[in-house]
Amino acid sequence: MIKVKQKKMDEEQFFERRKAVLSLWHTGKEVDLEEAVAYQKSMPENKNFCKVIQKLKKEGKSVVFPRAGTPLVEDEIELVRALYDAGVPLLPCTTDSYTRHLQFEKVEQALEESIKSGRPKLNGFPIINHGVKNTRRVVESCGAAFNPRTSRLSNSLVGEIAFASGMTAQPCSFFPWFGSYDKTATLEECIDTAQYLARLMGWYAEQGVILTSDLHGWLPNGVFPISINVATMIIEGLVVAEQGVKSVLPLVECQGHLAQDIAAIRVTPQLLRRYLDRFGYQDVIIPGTAAQQVPLYAFPRDLGGAFGYVTYTCFVGALGKAEVVSPRSIDEGIGVPTKEAHVDTYRAANWILNVVRTQNIEFDNEEIQTESKILEAEVTAILEAVLNLGGGDIVVGAIKAVDAGVLDSPFPLNIHARDQVLGVRDSQGACRYVEFGNLPIPEEIKDFHREKVTAREKAEGRKMDYYVAIDDFWAISKGALVGTPRQ
Amino acid sequence: MKKDKPTVITGTIGVDAHVIGTKVLSRALRDAGFNVVELGALTPPEEFIKAAQETDADAMLISSLYGMAELDVRGFKEKCIEAGLGDVLLYIGGILGVSRHDFEEDVVKFKALGFDRVYPPEADINAAIEDLRADLRARSKL
Amino acid sequence: MIKVKQKKMDEEQFFERRKAVLSLWHTGKEVDLEEAVAYQKSMPENKNFCKVIQKLKKEGKSVVFPRAGTPLVEDEIELVRALYDAGVPLLPCTTDSYTRHLQFEKVEQALEESIKSGRPKLNGFPIINHGVKNTRRVVESCGAAFNPRTSRLSNSLVGEIAFASGMTAQPCSFFPWFGSYDKTATLEECIDTAQYLARLMGWYAEQGVILTSDLHGWLPNGVFPISINVATMIIEGLVVAEQGVKSVLPLVECQGHLAQDIAAIRVTPQLLRRYLDRFGYQDVIIPGTAAQQVPLYAFPRDLGGAFGYVTYTCFVGALGKAEVVSPRSIDEGIGVPTKEAHVDTYRAANWILNVVRTQNIEFDNEEIQTESKILEAEVTAILEAVLNLGGGDIVVGAIKAVDAGVLDSPFPLNIHARDQVLGVRDSQGACRYVEFGNLPIPEEIKDFHREKVTAREKAEGRKMDYYVAIDDFWAISKGALVGTPRQ
Amino acid sequence: MKKDKPTVITGTIGVDAHVIGTKVLSRALRDAGFNVVELGALTPPEEFIKAAQETDADAMLISSLYGMAELDVRGFKEKCIEAGLGDVLLYIGGILGVSRHDFEEDVVKFKALGFDRVYPPEADINAAIEDLRADLRARSKL
């Protein structure tokens, strides 16, 4: 029996749940909602994620949104300042893995060891252990708008502390949790968790503070067409809108094929708008579009390759006129990036974004048109199938769709996913389906994919299967878009 | 005891969610004729031990990408010994530290923590499977 | 009285001049033409510049052609091997400045000091001092095809030694000498020098060895529309073709505005072909097109900016489908690049070239069309004016055109250039004329430039003059395309 | 002797062809009210000395970008003294060494070679002009 529905949580129920959330760790006590609203309202526009992006859109600019977090407050301040000074007006606050799993005692221990050894022993900023007062110091240390990144278990408390500390955005994306971070949680549980944070953001919105939820969708854990990701992103958008979120930012995963990536950057916000409007969320703002370097492929470990991949993504994002571009750092394949690696990365990224956007380049061609049509048709078919399954309730539909394999993605971490689908690149590097599983892709579009896959099969004289998918997965780290057999 | 089809345990340890590598590794081991008990991502150390006991495993091939492996495997070898698994081969691979560092440091560190073999990022799995066969043969388990 | 004409040197005269060339330094004695032809013919196709590029064209690939030279033979071998292993199949051999000025004794001294101090004391490879035997060791040390780079005074002897050593290309470009390297030489002297090397290459061609001359044209010493550069490149092409050169490679200077750069990459070889054919050089091959990062702008000195600029140029070159792309190294703004800097640069470049060309991206838009038309109209107008001045003789015409300012470029080093022209960028970063001097640009095209310049004038509220030209000159090194006033 | 319009010599020394910087510098000096004798690129040391003698110059602002300045200016200060120009200020700027190196090394090196001031790559010319004024004032030449 599916209990979670597409329905706004009533205030009472919300505040009841809230008690449990805040009691997860003692810093929960530092959150005072009234005071937090006042604090939020006292902040200038450059601290608000939504407003910063709206302004970028108006001015036709693109900026970098990186990924960064380091355990100690003073180091984190140094890091965010360095990034801000390197021209980054939107900053994340990436939490560490222990925080993500509510292992706060372990965090304390690791913080101590980090101090002692002079080396970071956590892979992010433990915002919950640091609490509101300390986190405000980070937020106030530079002129950027902040957006914390964490995963399911800690999402609610991280949000409480982040917003009270002056951060103004946070993903309520339940599909990445399901597909990539949480092994045993059901989609229903993931949605339930996301609804809490969305309701909290809705509450802030009722008090006049617009917080933004960036939407991620089910990450394609491998080389895989982007339509499942976009469809699930739209599902997330509808779910958070129902809870009262007033600003959503679609985050488009760039997988390296320029025509596909530009098509996705253009089509995704259009489709998101269409579905938001259809269900009555006309007042939800889409301040802009974020294009991100898909966080999944093995990254080049050599300096040249790393800069090649980073700048390429920025080039695609800027040609697509995304307001926000998120490349990985040049240290992605190596480990948590050093401050210098961050700065060098974002300097390169800004060089590209600035130079490309100045030119206001119009870029369109047949491939982009084709990929746009394919993407739109696939996403629409998937969403309609989901709505059908749910009898009009998108939440119920999504939960059933995952069970039925109508929503599916390769290499999932979660034990409840079907894992019956697979993608490879075609000879030009576009992502195509080889195994459709139960995905409700229209037959003529399936034929399109089959044709492309067959063409590569012929060109390379080998079957397009799991092994090719793995070769393609490694390609980008080896300086290519299309994989070749590994020796 | 010599086995036709040695049993190996795979998974990422602790709260590491990076499942792709261990999935790929597991399939390669299966293709190479091993009996693979695939625990997947986010596997607590205790589960590795339990699985090894239950399946009479010959080796554990542990992955960790997220940089915090050191904290996760402290005392693991000792627990294996306590559980009567002193003889089970322990391999670990992935990205074993946070931030830029020398892989040689990892080798020293994880060997001291009781691992038989330590693999660098993007390790060649075919070579690793050869290592495994050699080690099993040396222990007369293959 | 102009003595140099567009006329093939007769063999006798050529061999007479040759004596003087070879006697410039004792290594001239090492050149044995017969043996050199046999040596050239014994080399595989991958050693021939022309053939390598023809193959790239057929396969739809782009490769990097870098710039590199270090004084000691062993270091040079290490360097070219490292580059070749990083995926660079076309290699330069950049000579040092003393070689360029025939100061061979100083070279000897600097070589000794380089050995003693363990640090390079010359900014390139002194090919003349090293001679044929040593240089062959470099050529044979890897699978690349070689092309030496030097300047006027040493051009003839460098060519003699280079071709005898198995190198298979060399610029006979007299305009860069005139505009950027040689302070007092007249254009006539420069052409006279170039004709010698072209005649030598023609001689090799008669023996069945195709050597390639890359054409550079008058470098725009600053932000300046590319038409003078393209027109003078075509003049160079006609001049070397007359001397018997059978393969010419246009080298297009990318100045950072995508539409202009792509237009130039496309239009230049077309126009070159048209003029070669018109004057009867139908058998001269244009194996492909080289796009190079203009070697003139101050380069970003920070690692991120340097990679940004390098990779950007590679995108543009790859989108333009140039077979050869020449970025500067990431150390460009710092000093002669280290081997590591070279390798990192070309890894990044190859990442981009490979990934972009795999996709076979069709890219066209209104701006590219417009810039193509403007460029074609300007180049044609300039060339016709030059031919008119010369009464049909392109050499005579070019010499008179420089005197008349019909050919002119800003910031020239040469005292004989008029220096009455100036360029700035428009608000989108395209290069436009602000001072036309005596350039024979058609009136309606002048209006086009004026409009664009006025638009920027209005947008920025400042006059577009010399100071803006300087700001624009520095822009790219500061992470922008369009300059802002320096504090 | 105090002058209304001090005379300065500019140019790149030796066989350095990088003319743009010295052109820009010359124009800025002129804009700032100096009498500029602009020798342009590729100027042999002897020519600098000749020009300074002929124009009774107060300073030479020498550029070198191509990395071989050290070899070009060896003995230059001594020749200036011989020529009775011991009192003429000597400035140098540009890219003073080949390949990556620390600018502080250049300062030490070129000061030892007799230069009064040494400027890093991309030096701010307005600041340099201020330096020049201060140095001239200190010598009661402005």
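Some points to look at:
By written order: A, B, C and D. Residues from 1 in each chain.
Simple rule for what comes next: a contact is a pair of C-beta atoms (placed from the backbone, for glycine too) under 8 Å apart; a residue touches a chain by one contact, two chains touch by 3 or more.
On a predicted model such as this, the values are computed, not experimentally measured, just so you know.
Among the other chains, B has the CA centre that is most remote from the centre of chain D. Spacing of chain A relative to chain C, judged by their CA centroids, is 45 angstrom. Rounded to whole angstrom, the centroid-to-centroid distance between chain A and chain B, based on C-alpha atoms, equals 31 Å. Rounded to whole angstrom, the centroid-to-centroid distance between chain B and chain D, based on C-alpha atoms, equals 66 Å. Listed for chain A are no residues, as none touches two or more other chains.
With touch defined as above, chain B holds no residue shared between interfaces to two or more other chains.
Of all possible chain pairings, those that touch are A-B, A-C, C-D.
Every residue of chain A that touches chain B in the complex is listed here, in rising order: 97-98, 100-101, 103, 106, 110, 119-123, 151, 180-183, 221-222, 296, 298, 301, 331, 333-338, 341, 411-413, 415, 466, 470, 473, 477.
Only residues 86-87, 256-259, 300, 302-305, 307-309, 311-312, 315, 343-352, 354-356, 358-367, 428-430, 476, 479-482 of chain A touch chain C when the two sit together in their complex. Residues 14-17, 19-20, 23-24, 27, 40-42, 66-68, 71, 95, 97-101, 121-122 of chain D are the ones touching chain C in the complex.
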